[in-house]
Amino acid sequence: MDVGFLGLGRMGRPMALALARAGHRVRVWNRSAEAAEALRAEGVEPVASAAEAFRGDAAVTMLADDAALRSVIVEGGILDQPERPGLHLGMSTISVALARDLAALHERAGVPYVSAPVFGRPDVAAAGNLNIVAAGPEAAIARAQPLLDAMGARTWPFGPDPARANAVKLAGNFMIVAAVEAMGEAAAFGEAHGVDAAALLELLTGTIFAAPVYKNYGGAIAAGRYEPPGFGLALGAKDIRLVLAAGEAAQVAMPLASVLRDGLIEAAAQGHGEKDLAALALVSARRRGRG
Amino acid sequence: MDVGFLGLGRMGRPMALALARAGHRVRVWNRSAEAAEALRAEGVEPVASAAEAFRGDAAVTMLADDAALRSVIVEGGILDQPERPGLHLGMSTISVALARDLAALHERAGVPYVSAPVFGRPDVAAAGNLNIVAAGPEAAIARAQPLLDAMGARTWPFGPDPARANAVKLAGNFMIVAAVEAMGEAAAFGEAHGVDAAALLELLTGTIFAAPVYKNYGGAIAAGRYEPPGFGLALGAKDIRLVLAAGEAAQVAMPLASVLRDGLIEAAAQGHGEKDLAALALVSARRRGRG
Amino acid sequence: MDVGFLGLGRMGRPMALALARAGHRVRVWNRSAEAAEALRAEGVEPVASAAEAFRGDAAVTMLADDAALRSVIVEGGILDQPERPGLHLGMSTISVALARDLAALHERAGVPYVSAPVFGRPDVAAAGNLNIVAAGPEAAIARAQPLLDAMGARTWPFGPDPARANAVKLAGNFMIVAAVEAMGEAAAFGEAHGVDAAALLELLTGTIFAAPVYKNYGGAIAAGRYEPPGFGLALGAKDIRLVLAAGEAAQVAMPLASVLRDGLIEAAAQGHGEKDLAALALVSARRRGRG
Amino acid sequence: MDVGFLGLGRMGRPMALALARAGHRVRVWNRSAEAAEALRAEGVEPVASAAEAFRGDAAVTMLADDAALRSVIVEGGILDQPERPGLHLGMSTISVALARDLAALHERAGVPYVSAPVFGRPDVAAAGNLNIVAAGPEAAIARAQPLLDAMGARTWPFGPDPARANAVKLAGNFMIVAAVEAMGEAAAFGEAHGVDAAALLELLTGTIFAAPVYKNYGGAIAAGRYEPPGFGLALGAKDIRLVLAAGEAAQVAMPLASVLRDGLIEAAAQGHGEKDLAALALVSARRRGRG
């Protein structure tokens, strides 16, 4: 397929390359052009503008956040240009509200819109092993399947309403941050009782909590390794903000999410915003007078 | 070895049988004698009193809670009887405070005391695959190793202070309840956005959260299957109470544990105390006006 | 003075009339014109557009929320019209962020801007007894003083930065909702122990908590009187949202405010959004299985 | 009346003297005898043992906590001595559970028991102006009335079940700590926006929150005056613990109380346990990286 790919950040880059590797023609665009140029040797074609990327059989967006997506897709008028893509695969982690707006705008413009946020970190993306949550018109998802298969190990369908995929993605990220907070409190609790936190986390994340999220963040907490960030604490805070906003709009009280919000704010106030999400554990340590 | 086993509840029974299966002589005692008699055919010897069980090479206790252990071990004066066990393997989930008291009492009585609470449910105990957290005098743990090996897949040592093993066990149970609350809020969040909660939980517990705790409780929540209880909600509430009490004594603020406490109280007030811990998810549903 | 007054809601109306009563010429505008016409008999002059009201010695805005103020002042281009007021007294309860934007926009337009939100309910406004929090250029506040004196019992100055007055107002409203939640939980706690909640609240709000906020909301909770709303629950929820947003932007963790947020969402989900803020107490009652 | 008074702490002393001033014969006992001797010059009679004080027309207890009351009244066997008081006025702040135990024990012993905890600080007690919450047998309260009138400005009756008075007292102390936390968060919020916290608290505690609790603690927070303690932070923590325990037993979820608990633990961990309850505000400040 002929695919335009917009957004070559830490996730977008390996995803675009996975598409190229699978034999698709991939035209790439990025706000700062160097990121696109740097990929030329790897079999993708840099294009000069978002508009040039947003056409062909499909356009894929993997932009940083709501603001970036609004700026490129909504405010740029890109949906009104004469040449438009056969479908738009929106893979960014964005708000439920923006996903709804996008669904309506695309419907008006006649461009099929599929929300397809992903679970997995850059190395998983590089291996083409992401888990992809997809929601949107059935026919559009079917047409996008070769692309989804190139980027992901599995596609998880969630029906025709694109915003649902974003709700699922946010719910998952909420659960990730919850797991980190739980490990942070457990580690502080253990240490206050003379227990070696690394040993405690090794036990738990090696047995009843032997899942990628726990192993990853538990290992970082055990090692006190908060830099460089894999998934940044400030990004986690942004996602919890999106969860709480969507929850409030849908009248869902989420007291655990509120605790996460407070902890993330405290972490940022204490200078950990640029570190890995695992640094949330530093808040629990400091509450008991450590650190 | 010649082992006395006290407490034949849902966990104690398969653990005692695992010891017998491994070739140990196992004398069993239970508050209600029928539970002991019922096991006679399976190769263990019922004895008439706790005192008769509390002797031999080792005594193992797997009693319900602090009150049961205090009643049998502390108040009964069993530690002062002439014949005493070579070591006491305390495997119940009890408070850090009681573990400290027991350590001191045993030291005075000259009976080596090893705290060895376990992770795993009855079916895991039946297979002899528990994860056992052990803390106490090194020599005593070494002597107990054949027993630990018969009951568990692995022993995780946490040093000479018995109370540390209990702190680890409580930290683990805290993380379990936290995971259930996170799934409950995520499910309510998803449903409020039109997402099928079962599909959401299947995705998450099959990928980045693919660990026993998530699969077990996530499956129950997805199926709305809250009875019969595997791990009862009231027991979870008790454990969170122990976590918070130990945390307060050690000056560890645990806001996530507090949220769990509030949710568990609410669940009990709404009649779910006798259901499985997974029923905590019903509170999130009811908060948004469902159920 | 010649004053334009924009916004004749439950608070704006008595405030405009207080100005007229003090001898000022008051031109009034309201989105729905009937509200303005209805006041003609009381000595104020309805004008046809916001632009006609936004001129003279001073313009006072008392609009519903951020959206209303943005629509009338920012998006309408009213600050760029040739005839502009000698100063703008912004008395609405709005976000800190919008207050900052307004301060910048007015500075650019050369119109002195004073933020002057108020404490007090409609009957207090009718008596000209509001407590007014004022922040802005010192000279502008001085010129506005006759207007502030007509509407309020006292003006509380908070320096030259308008947004500070809004932060103070939001902090106060946060404390109000906190007091209501505290009374709701105390009432539920009392009732669960067989205590008559009305008697409990009468005691406490008549002695160590003998302040207007407690008497007002405590009386409503004691009487189970949630309608008609004095200060609506949905408005309280909006204010807590503004508090949390400003707190997050300024990196202030506010766990008590988070609890309020969760309770207000739960109240709304259970159908109490249009009732008085006192209805927040119904959530505490329902949590224990009542109501 | 002939009154025995047990417990001459910061509250007990002025209360005993108020009784003497009103013309009653007051025999006083205190664990450390010097406190009793020191009052001899003020018209009360020190006695040598709790048993000697616990007789006469009435005995009043104003002991530190559950442990002290249990030790003196329950474990000492004082209720079984031949000479017993005409009634027992229990004025300490104790748990609901102990109040229930005491009611049962007194009923068995045939000594009328009235729970009568108080609101008011030492200076209020010295002026005989306490607010007294009284619950117990109607006839006993009637007989105690002259004593209650000597110590208090007003008696608030709560029926025949003594434990209800304790529930009311705990509810009130919960509301006090909640008010302190609210002011602490509001102050941190204000300061993060450049607002002078003292001015903010002066405004709010002088107007819509003009009640003794707010003026007292708000003044301390505004002045950063945390020592000497009026009402100690560790005592506040104890009371919140009693509130949460009683709430849990009665199946009342109290999320605001949980937030207070977490904050108080954090305050103690950071070394503020011996300061005034107002020092809870230091936690909010530290969370944003200050202090």
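Which chain is which? They are A, B, C and D, in the order written, and residues in each are numbered from 1.
One rule holds in what follows: contacts are C-beta pairs under 8 Å (C-beta built on N, C-alpha and C of every residue); 3 or more make two chains touch, one makes a residue touch a chain.
Keep in mind it's a predicted model, so treat the numbers as computed, not measured.
Visitor: Using the touch definition from the top, how many steps at minimum link chain A to chain D?
Guide: Steps on the shortest route: 1.
Visitor: Which chain's C-alpha centroid is most distant from that of chain A?
Guide: Of all the other chains, the one whose centre lies farthest from chain A is D.
Visitor: Is the number of contacting C-beta pairs greater for B-C or for B-D?
Guide: Spelling it out, more C-beta pairs touch across B-D than across the other pair.
Visitor: Based only on mean CA positions, could you tell me how far chain C sits from chain D in angstrom?
Guide: Each chain reduced to its C-alpha mean, chain C and chain D end up 37 Å apart.
Visitor: In angstrom, rounded to a whole number, how far apart do the mean CA points of chain B and chain C lie?
Guide: 53
Visitor: Please tell me the distance, in whole Å, between the geometric centres of chain B and chain D computed from their C-alpha atoms.
Guide: 39
Visitor: Going by the touch rule set out above, which residues of chain A reach two or more other chains?
Guide: 247, 251-255, 259, 262-263, 266, 269, 287-289
Visitor: Contact residues on chain A for chain C in the complex?
Guide: For chain A paired with chain C, touching residues are 241, 244, 247-248, 251-255, 258-259, 261-263, 265-266, 268-269.
Visitor: Hey, which residues of chain C end up touching chain D in the complex?
Guide: 96, 119-120, 131, 133, 154, 156, 158-159, 161, 163-164, 167-168, 170-172, 174-176, 178-179, 181-183, 185-186, 188-190, 192-196, 199-200, 203-204, 207-214, 243, 246-247, 250-257, 259, 262-263, 284, 287-289
Visitor: Applying the document's contact rule, which stretches of chain D touch chain A when the two form their complex?
Guide: 255, 266, 269-271, 287-289
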